[in-house]
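Shared between the two complexes below is chain A, which pairs with chain B and chain C, respectively.
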Partner chain A sequence: MSNLDAWILWYLDSPWRVIGAAVALLVFLLLVVYRDDWFFYARLMLKSLRRNLVRTALTSIATFVLVLVVTMVWTVLYVLDRVTAEKSQDLKAIVTERWQIPSQMPFSYAQPLSEGAAKETNDVRPSDSMTWTFVGGTLDPAKRTRENIVFFFAMDPAKLMRAERDERGNLIRTKTGKIVFNTMMDDLDQLSDSEIDLLDQACREMEKDRRKVVIGKERLAQMNKKVGERFTLHCINYPFIELEMEIIGEFPDGRYNQSALMHRDYILDAMDAWKRKNGRPHPMAEKCLNLVWLRVPDREAFRRVAEQIEESPDFKSPAVKCETASSGIAAFLDAYRDLLWGMRYLLVPAILVTMSLVIANAISISVRERRTEMAVLKVLGYRPGQVLILVLGEALLLGVAAGLASAAASILFINTYLGGIKFPIAFFPAFFIPLDALWWGPALGALTAFVGSILPAWSARQVKVAEVFSKIS
Partner chain B sequence: MIPRPIVQIEGLHKSFSRGSEKIDVLIDLTLDVPEGEFLALMGPSGSGKTTLLNLIAGLDSPTSGTLIVGDQEISRMSETQLARWRTRHVGFVFQFYHLLPVLTAYENVELPLLLLPLSAAERKRQVLTALDLVGLSNRLSHRPGQLSGGQQQRVGIARAIVTDPTLIVADEPTGDLDSKSAEEILDLLVELKKGLNKTILMVTHDPRAAARAERVLHLEKGRLVRETSLYDLHPGGLNGDAVTSSPRRMEDVVREQP
Partner chain C sequence: MEFITLAFRFATYSLALLFAALLLILGLQMVGVLKKVPFSYNIRNLFVRWRITLMTALAFTLVVALMTVMLAFVNGMYKLTASSGVPGNVIVLADGATDELFSNLGFGDIKQLEFHPEIVKQDGKPLISWELYVVVNQPILVRKCPKCGELVRVNRFGEKLLEHGEPSCPGSDLPITGTRGRRFIQVRGLEDPVISAAVHNLDLYEGGEWFSPACVAPLPGGRSGQFAVQAVIGEGLARELGPDQGKKSLEVGDVFDLGPNRWIVTGILRSAGSTFDSEVWTKFQMAGELFGKNTYTTCVMRTEGPEQAAALAKDLKENFKSPAVNATPEPEYYASLNSTNEQFLGAILIVVAIMAIGGVFGIMNTMFAAIAQRTKDIGVLRILGFAPWQILVSFFLEAVLLAFLGGLLGCALGLLANGWTASSIIASGPGGGKSVVLKLVVDGPILLSGMVFSLVMGCLGGLLPALSAMRLKPLDAVR
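For the complex of A and B:
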């Protein structure tokens, strides 16, 4: 990647930088070209758009729909890009079985891996860790339908959410009023105070009673269950094991709407009980550790921890690998590589080109109809560049307004009403349109409006006054 | 005292190419227009009168020759320079009015002022003065579609005079009007000529319109073939009034009105 590409990517990385540049450009154009008269020109542009309401409405609707589609596609790509982007600090590493998917390691690996396989005093230790065991089961073994099947993350509840509390159980806050808490799960650091409080209480309840579980609200709705209800989980990937469960809470609305979480010791205890009853270990006893997550402060710490783990003789059968979370997820997404490539490099550009053509068509017709007006403006003393900017301005107004409306509507409708974009890829249950779409939308509208209107605007700029009036007379 | 010429044309030539054919529209034209004169250009279709008007208004460039308006040689100006020059020095009245349909009468008249370094208050004062002069103070917020043809042409004239230009050029200003409205517009032009002593160049086919001018030039096939002066048309002078010696500002005229 060239320096210029890197700089452009860095610049575009912040919506505020992009918005700032766009606003500065607009202000510059308005102030330099029109000084204090820009209200008049804005009014003139709006009135020009209003002269053919049907055409303006149809063009706006087309732009609205196309921005909506691009926003949805970009939302999926944006989330995937974000989770696969390498961080330089506060990294999460993921340890999995090296040669097999799904990863199935013995639970004896859990403790040493959580320590980063550190043995010597100068070895690097992770600052935090978390183990995951996947437990899939059905509420009705005779009827394995989608609504009956639940997929649990079995883990230490304290790693899901642990807020600091005083002796009386009150939340401890920092001097700035923020709750002191820790989580190993992505995005849970964005929760509100009340959500942190409730989730922490639920996790503490799970520690007291391992049968208690937390389930996302959409999953609960599909199971036709409510908080407080009990059920028996007939495990699918842990044969012969049945688990009595009580729902004590639901995840805060968002990314975990389809998730379910149980205490890891519950499944371990169940396998121990099965062993005592049957006189032999459960078939999954040596395969019940699926993932270990480690938190490391920086890239160097990650490199050393990965080296410690991968070179340790303790993890040779089965062998393990340690990679950054983003690499791990990227490897997982490799199966979707062609689909994602098509979305990014075929679908989105095709939509953008279509948008530009729609706007170009509308503005071209408008300019053709108004060549006499352009000529009149020139007769009055308007310079060619000013005529060009008037036409560009109309297109930009239309594009920005339709783009903004589309982005705002998509956030409200898709996130609030539809519960995100249900795009079944990897382990993401739904993709929520980020607030960044509020600048994507207008920026897309502006970009395509600019591209679509530059030729018609140039044609308006070139209008020859004498020719126009000789045709009229 | 003979007023100084505001338009000086010498050896003006304009030709167009149509394929391989070269068409001479104006041929070796020489002409002076004194400041404050009301001049009519007449001639059959294709005689070159509109082309001459466009050249004097800076809407087109001559093929050769000299064209000085005010003190400036406009035949050598670029398109952008001409645009700036037109804003300050030329007011244009069209046959078909050519008001912007989406703007009100007030906004249409304000359009050329937006190109000048004026404050909003100054713009407002000049727009109101111009509309007052053409008798449309009560139609400020009407759109062209809500006005009669005669009223639209008055707005067009207000737009032409609002910048206090050196020269007003009118291309068949009564060509799209009924005879009553045409008379009113011609009366208005004469009043403006009397009151502001502006130089007015008018292209017309209508002999009655031309009769209001001080001098009529007849063009045929790109050449000046005949000239009729005010004294041939009106031995007593233009509507019986003497030509004042220098142009006046719109505000002064309005202030003097009872």
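For the complex of A and C:
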């Protein structure tokens, strides 16, 4: 990638930079074109839009609604693109069983895999790691419904959240006031200070008492349970095992709304107890490690660790594979590739064309109604280019305003009220509209307004004074 | 041929709709409504203002076409699950398992199931299929080189093409972006493929044969002593794997990589339209040994018919405890996999509803503008004696006609998607599920919903402008 590409990508990464540049460009264009009295023309555009409020309102609402659909679709695609984009630094790698889905490895793999199968002094070791064991169960074995089935990630609670505290238990902060904490889970760094504090306390409680669990807010509501309540989990994938649990916390709104988390030692202890009681190992004893997550500093370190693991004779039965998290997620999403293709290349373009048509309709009607006005403007000495920009400006103003309003409203309504877009794809419970939508919306509005209004504006530019006045006379 | 059939079907539906519209117009005329409405004036206007008519109708066309394609996708998923289950079959999974992937029938004396009297026999053998279902990672090790067009192997991380060509192709070491590193393949290990095929009502295409009891064959082109695992594959999977070898579809005798072994195709399943279309079938022992799972996950039993199947499922659930099992009539089991479909359908309906709102405002805009342009015409019509309600009906019908034309075109466009294949997952809930290759199905109900949707948009969008036209005062209008 060239420096220019890298710079462009960096620049486009922030919506504020893009919005700033777009606004600056617009102001610049207006200043250049209407350098003497641009304010007058801007006012003229607003007046024209105000003249037929019904038309302006209807076109704006149509644009608003269609930008909303595109924003929703793009949100899903944006999130999926982001999680499947390969990072070059601070990567997360996943180690799983090489051939089979779901991955089921013996727990004896956990320790050496967490160290990246490093044996020699010059072998690369991951900077952090985490193991996952999936425990699915039901609250009512006689009546298994969607509401009473829960899937837990059994893991070391310290890997979920570990905030540093002083002797008195107060949170330690950096010089800039940020809480010092460590997590192996994605997106938890976006939590507020109070949420970090609560989650850290919950994790410490789980370490003291393995029966304690943390469950997502939405999942709790579906289970009709509250923090503080207890229940028995009748395991589905760990037959013959029942676990007493106490809910001590809930995940805040967001990505972990549907998640549930328990201490990994709880399920391991339960299988040991089963072995003591029955005199033989539990059927899942050698299959209770599902995933190992590793954190590595860069791609070179990832390659070395992947080689160490995949070439190690210690992990042959079953064999394992090591891949970047983004590559692993991309493989899961592969089953939906046609659906995603359709969303990206059929749905979005068709909506954009529909938006352009709606705007084109409104602007061309408006131009037809105002041919006399255009002719008068020309008589007054306006150049054809100025008439063109006047019509284009009107459409752009409408498109940008409706697009911005739509994006802002969708962020407020969908993220805060609806709890994200619930689209059933892979293991994503909900998709939250990113702040980038604040520039997608106006950009989409502007683009479709431009495409829709360029022909009517061109026809306005070509209005012939003699023709118009001869018709009037 | 398929397209011609569909085009014919679409033409039939369109004619039926047109006929219905004609009947409506005749009916209205009979009761004297249309005679009193300046409808021909509205139709002429649509032609005179053809650009606006075209753009508005096109907006309808796109919205309806999108809706048709999206519904065809979900319809395809529903058809797939509906056609995968045999009415007389009962599927048995481990107690608590709702998905084959998480089922384990390895506890207790499960083979006792074979002696159940409800099971139908064929040549003295009970029609019961013992199966092991696993999902296997298949790394995609080859890519088409963009420089020379040859299929080339990639490095172990799937990052770049390996050195190839003589002299070296400029595509060597070319980084790979945006392509898949691996796919998931569903493998079904069977005790007796003939019995299993009979239970699932499937057979092989001409020239194919079931895998042998040993389930291995000499590897074509391999050294002496090199063997490949024998397998029968679904036709959808054959099409999916074909391009890896530069072919449209794998054929009998072709070799592919799966897991740590090489596999040879002995037959192609006639499985289009069922979930088995994306599967590899092989010997139970072979699948178990290769993928480290030595117990059955699934047992499918054939009974005389749906009633017997329901009774057998109930009996097994209540009385079979060696071990306890989850028995379900097969159509019911596949219907439970519609959970994903329902969620997709919900998401699609939301998108369609929001798009419809946009469409309604779009047509409202056009109709308001049409009325604003024709204020004088409306004044003249009122002076000629047309009553306000006649003006209302005429402009309302104009909007509905626009919507009808747009909808008709949209359905025709959407119909092109019929028969497209797409991959997806069907599941009964979180986790598990089956990767499937499905065909988009545009059928009568979908075309009809497209038309109804378009007409509803037209009615909603046309009503307010028509009301405003009705309220115009004749003298004010002509002034």
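Annotations for the structure displayed:
In this text, the second predicted complex is superposed on the first by the 456 of 473 C-alpha atoms of A that agree within 3 Å, B and C clash if a C-alpha of one lies under 4 Å from a C-alpha of the other, contacts with A are read in each partner's own complex, and residues count from 1 in each chain.
In the analysis below, a contact is a pair of C-beta atoms (placed from the backbone, for glycine too) under 8 Å apart; a residue touches a chain by one contact, two chains touch by 3 or more.
Being a predicted model, the structure only gives us computed values, none of them experimental.
By the touch criterion defined above, A:Ala306 lies against chain C but remains apart from chain B after alignment on the C-alpha atoms of chain A. In the superposition on chain A, A:Thr75 makes contact with neither chain B nor chain C. Once the two complexes are laid over each other on the shared chain, residue contacts for A:Pro239 go to chain C alone; chain B is not touched.
By the touch criterion defined above, A:Ser129 reaches neither chain B nor chain C.
Of the two partner chains, chain B is the only one that A:Lys47 touches; chain C does not reach it. Comparing chain B with chain C, the partner in contact with more residues of chain A is C. Touch criterion met: A:Trp99 reaches chain C, while chain B stays clear of it. Residue contacts after overlaying the shared chain place A:Ala466 against chain B, while chain C stays out of touching range. Legend: residue contacts after superposition of the two complexes on their common chain; A:Ala330 is shown touching chain C, with no touch to chain B. Using the contact criterion defined above for the overlaid structures, shared-chain residue A:Thr372 touches chain B, although it does not reach chain C. Residues common to the contacts of chain A with chain B and with chain C across the two structures: none.
Put simply, chain A touches chain C in their complex at residues 52, 54-55, 58-59, 61-63, 65-66, 68-69, 72-73, 98-102, 134, 136, 138, 141, 144, 146, 149, 151, 234, 236-237, 239, 258, 283, 303, 306, 310, 317-319, 321, 323, 327, 330-331, 334-339, 342, 346-347, 350-351, 353-355, 357-358, 360-362, 364-366, 368-369, 422-424, 427. The touching residues of chain C, when paired with chain A in their complex, are 51-52, 55-56, 58-59, 62-63, 65-66, 69-70, 73, 94-98, 101-102, 104, 106-107, 134-137, 156-158, 180-184, 259-260, 290-293, 340, 343-344, 347, 351, 354-355, 357-359, 361-362, 364-366, 368-369, 372-373, 421-425, 429-431, 435. On the chain A side of its complex with chain B, the touching residues are 34-37, 40-41, 43-44, 47-48, 50-51, 372-373, 376-385, 465-466, 469-470, 472-473.
Residues 50-51, 54, 57, 59-60, 79-80, 83-84, 86-88, 92, 94-96, 98, 100-103, 107, 110-112, 114-115, 117, 119-120, 159, 171-172 of chain B are the ones that touch chain A when the two sit in their complex.
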